[in-house]
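By written order: A, B, C and D. Residues from 1 in each chain.
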Amino acid sequence: MILDLSSDHVAPAHPAVLAAVAEANQGRARSYGADPWTREAERRLRAIFGPRMSYLPVFNGTGANVLALTAMTRRWESVLCAEDAHVHTDETAAPERAGLKLVLAPSPTGRISPGTLARHLAPGNRHRPQVSVLSLTQSTELGTCYSVADLRALCAEAHELGLAVHLDGARLANAAVTLGVSWAELTTAVGVDVVSLGCSKNGGLLGEGVVVLEPGAVPGLDYLHKAVGQLPAKTRFVSTQLLALLDDDLWYRNARHANAQARRLADGLARLDDVRVQLPTEANAVFADVSAEVAARLAQDVATATWQTTGERGERRLLRLMTAWDTDPADVDRVLACAAAAVGAGRPQQAEPVCSSPTALSAPRP
Amino acid sequence: MILDLSSDHVAPAHPAVLAAVAEANQGRARSYGADPWTREAERRLRAIFGPRMSYLPVFNGTGANVLALTAMTRRWESVLCAEDAHVHTDETAAPERAGLKLVLAPSPTGRISPGTLARHLAPGNRHRPQVSVLSLTQSTELGTCYSVADLRALCAEAHELGLAVHLDGARLANAAVTLGVSWAELTTAVGVDVVSLGCSKNGGLLGEGVVVLEPGAVPGLDYLHKAVGQLPAKTRFVSTQLLALLDDDLWYRNARHANAQARRLADGLARLDDVRVQLPTEANAVFADVSAEVAARLAQDVATATWQTTGERGERRLLRLMTAWDTDPADVDRVLACAAAAVGAGRPQQAEPVCSSPTALSAPRP
Amino acid sequence: MILDLSSDHVAPAHPAVLAAVAEANQGRARSYGADPWTREAERRLRAIFGPRMSYLPVFNGTGANVLALTAMTRRWESVLCAEDAHVHTDETAAPERAGLKLVLAPSPTGRISPGTLARHLAPGNRHRPQVSVLSLTQSTELGTCYSVADLRALCAEAHELGLAVHLDGARLANAAVTLGVSWAELTTAVGVDVVSLGCSKNGGLLGEGVVVLEPGAVPGLDYLHKAVGQLPAKTRFVSTQLLALLDDDLWYRNARHANAQARRLADGLARLDDVRVQLPTEANAVFADVSAEVAARLAQDVATATWQTTGERGERRLLRLMTAWDTDPADVDRVLACAAAAVGAGRPQQAEPVCSSPTALSAPRP
Amino acid sequence: MILDLSSDHVAPAHPAVLAAVAEANQGRARSYGADPWTREAERRLRAIFGPRMSYLPVFNGTGANVLALTAMTRRWESVLCAEDAHVHTDETAAPERAGLKLVLAPSPTGRISPGTLARHLAPGNRHRPQVSVLSLTQSTELGTCYSVADLRALCAEAHELGLAVHLDGARLANAAVTLGVSWAELTTAVGVDVVSLGCSKNGGLLGEGVVVLEPGAVPGLDYLHKAVGQLPAKTRFVSTQLLALLDDDLWYRNARHANAQARRLADGLARLDDVRVQLPTEANAVFADVSAEVAARLAQDVATATWQTTGERGERRLLRLMTAWDTDPADVDRVLACAAAAVGAGRPQQAEPVCSSPTALSAPRP
């Protein structure tokens, strides 16, 4: 495989993140969140999210989600999420292993529609799941974004129905860039209660965060932090990564770059015959519908996530191509050349073996 | 606080570990264990533990234990461990949150006695917990070690009773140093099936390992790896730390240093009036029984883990002082001086304000 | 409320069942399944289901399902069921509380379509739920039945995909009557592995059964029986109820009566204006689509389960009316009269106050 | 086996209980607790326990305990109980399967000592189990009783420490008889919050109760009632049993009879050589320490629960002999005769084959 667009976590850490880890590696520091880096990260995040915010360093996205959702629900309560939500489709039943039922809402574009929440609830019916949390994903698993208005409407609707709101923000940065708003405008301002805040997909090394905007939503969070296996002893090394991403808006520049490359990729693919770009490209993921033959040919050079689909045009493939903070525009062009070659468009790029110089393509480009 | 001996995870990462992380931060790499560093770590570990071994990078010790133990037990099975085991006393009920009951064996010196396992079992009695795994800790939570002979006897006994054996090796390195044997002699050779292999307490940054010696003991491990939230996306950054610890026997040098400082500390404390060093110091932890007054005085300068105890001499304090790979011998001497001052021995050190120069004491000493 | 058709468990126990309980209440008997009644029930059931069968008395349907499904799955495995399955919609997240994820298959008529199972699976993909059991419901929650051919096809498909098959047979008797086949033809003969065998909805007092057809499918079942809280101490009093239902084919007569009354009810409702009987009536449940006004009027006399729906005809009500072994045909006629009155058809019944003699209507009719 | 004293649930139901079940089997009744018998049981219990009480019918003791304890704890909280507690030793890890850790307190006589609770807690230490409930058993698993003063002291101590109090009252009736007090004096008056109220061991058929004295202690109880599989559909048949036990103080007469027979048995055994009655006999269980030979001989005629013990007198057997509401005094005398024969005392009974008329001995004696 010479170009790996299968996910955004195949990217390395940003050099500034690595430098921050080295900087934090000085002498002894208190563990379990009592270190200066964690306190500083919380201070910095409060300036962004608001003064009531608290921050917990965690290890990964599944852990962040399971921690947040179990802290937000009581033993008998359930979570409403999109049927495409990562927590439902891609976490190997981690929430259910933790005793938590997910109730699914349709999400044809990755988004739950405002005005539809109540139909999934049965408050007071002791035989039905008792939904107490709405979990949204921003940007969504399908590379789309909720508008700020939709977020506000969904949060208001949720709160009116007695639900707290969790936001899976593994790619919150990408949405903030696309929508041209701050993290707070996507969360605090619209009524989100708890956020899984992604770092590793946007230039981080190891680690994510849980950001609590409404302290009352997560009693017992500190204990569950440890009990679900998501409390690092050496918290300083997670928090320092977040600090690096906050410095000079590195998070923003990383996400903007990734989004721009996704845009470039989507635009290029849309010009090819037999390639249909599905869904609006509003973050760093491009979904392309191609024939099985094209998919097979492209797979020789480009790694993607691939699904088999069946529709009006028969059996097809849905490819997801993800860019990241490190994606070289030249690589995007090489992918487009490979795709053009795969669809047999006879374009000039086909003649040049650009797709066969893997070392060049996989070198780091910080 | 000027000298922090409260735990071994207050130490920084060893510089070589940090360098290895930087080395791995080159370009894109496959995620979820398919990266070259993880494969190389497995290759290197197989040379140590044997060719059937497999290795999984995980985030922390609680996660390693919960992953190993849930993978080793079926839904209705339980785990036998020492009543002092970390998994019982220090993981905020993480195993039980995952549906796993711990059955406790007495462990006055941190160790379960060979020949006593059967009395905790009730095989075939459907009303009693069905123990299928023995979990040992090496070195133990009380800073002692199982001898190789005891390990062999316990594993043989366990297997004869139909139990698999898990070893919590958060400090396996310290035991290997003390006993003068290899990791394999403590595990593969004596019949251990699965190991939680510690890194972070011995010079690591973030991350631990699960080492499987008997593949049949852990069906479903790969799925549970993700389901319990312990599968890093960017596995390379965990595995590379382990590689650094294996290079030039860094793990050995680190543990040897830590153990030596604990020895120095124990010897010095044993010479003081009103300080009783409890238990043999066989790893990097020293347990000292002191009066409440001495504990209070010492606490002004030295951070320790502290327990309140009541015995023949009235209410006392049990202090745990832990050394690490980075502990400066001069710091140990300073702690001893503080302790001498605390017990009021009128020693010369008391005159000099060695305990009041915190910056000197807390500086990093890689 | 004068006619309660809200469910089939509002019916009393059949007198023969009560007599059997009294018969078993003679002197001391061994507990936890070692009593003669439980052994006899197993013997009798083996004559029906085949010689490899084993039988466990349990308390209720939720318990039977949770016991069966947790015994059939390993910690990392999930269950595929219809999106209308009772275990998903009506058990307050009991399976998830027990750590079990349900993967949902569309079931527009209550039934999963043969040939569609594979699309819900992702075997070997460690990020996706690993489905190892197919759970079917017969008769379904929507009052329909799988044909024997469909059951056979689904079981074959499941086994080919490596799944075991669970059958929620809370109303297996009703399906057997409708299809004119034996229990074995619906289970053992087609490849079902484990059955939740209903009693209480078909004339029982308290208690249901778990019937294991493939012993290898449920390792640990005996331990889980106790661990999930479904092992009665005085098992004789559950097993004796089952024996009563087996005597003289009482189970068959009870189900046949209930089905016949549902048929009578469906036929009568179908003749009314503004009432649309939905789905084929193949068991003891009738689903009727009516306007909100009709629903409100009918609700004054007849208790039903009621859902709000929105379709081409605007907001409507879907009513479920359930018959049982004790449903008096005269009561069915009274319900039809009430319904006719509710739709305002001006039929003669409207003139007579048949709906206002509650005592007569709720008297027992064994 | 001719005399079964292995447990109290080998006894049949009291005829009055059976009659009450038959009485409730009249026509249709609302399910899930909305039936008149359940409401009446709650009314009657309120007269006993106080006006704030609420009552839930459940199936069995394990279910009652798991329901009560999971309802009383939040996801991160644990339960403190005696190391001999049924919920720890005899429920096949049911609480842990439900995600609940039990922290164990020593209980040499089955009782936790007042004044010792705090030593098992570590409030605010995020690494330690966070105990929020004290679970007591009355009468205890060792056949002893907490005095009212001890109960009051333990509840006060628990509440002061922020713990709620659960009482496993599977044999609350036996304790009430021994202590000569009402149920309320053992619960409401001393500060117990939730009771698992036993019926089946004291003349019941199938079913127990959960009695809530402090509503604030169990948010979500109604949902968990269903979710843990302990909500009967036909609740009337459980509640009516309780009503029968309340009528004419049947519960009291049953327990008084059982206790008296235990007393008779203990007194007789105490007179035998080589039999040591252990622990005060304060309920319906007698614990006797005998040699292995005596145990083996007695086992030919009398079924007991038996443990192997090792003490100053070498390997011994500890027998538990339980009486019940139906135990015939003549049977007790026969057991004593068998025991006398077993110890080889050469008493006259030995000559007569009283132990060889099984039919007479096992006949019901209501």
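Descriptive notes on the structure:
Simple rule for what comes next: a residue touches a chain if its C-beta (ideal position, glycine included) is under 8 Å from a C-beta of that chain, and two chains touch if they have at least 3 such contacts.
By chain, UniProt protein names: A, B, C, D = Low-specificity L-threonine aldolase.
Just so it is clear, the structure is predicted and the values come from calculations on it, not from any experiment.
Looking at the partners of chain A and chain D together, the chains they share are B, C.
More C-beta pairs in contact connect the chains of C-D than those of the other pair, out of B-C and C-D. Computed centre separation for the pair chain C/chain D is 34 angstrom, with centres defined by C-alpha atoms.
Between chain B and chain D the centroid-to-centroid distance comes to 42 Å (mean Cα coordinates, whole Å). With centres taken as mean Cα positions, chain C sits 53 Å from chain B.
The residues of chain B that reach two or more other chains are 75-76, 91-93, 97-99, 126-127, 130, 223-224, 226-227, 231, listed in rising order.
Across the complex, chain C is touched by residues 4, 7, 9-13, 15, 18, 21-22, 25-31, 59-63, 66, 91-94, 97-98, 200-201, 205-207, 223-224, 226-234, 237-238, 326, 362-364 of chain D. For chain C in complex with chain B, the touching residues are 32, 70-71, 73-77, 99, 126-127, 130, 219-220, 222-227, 231. Those residues of chain C that touch chain A in the shared complex are 75-76, 78, 89-93, 96-101, 104, 126-130.
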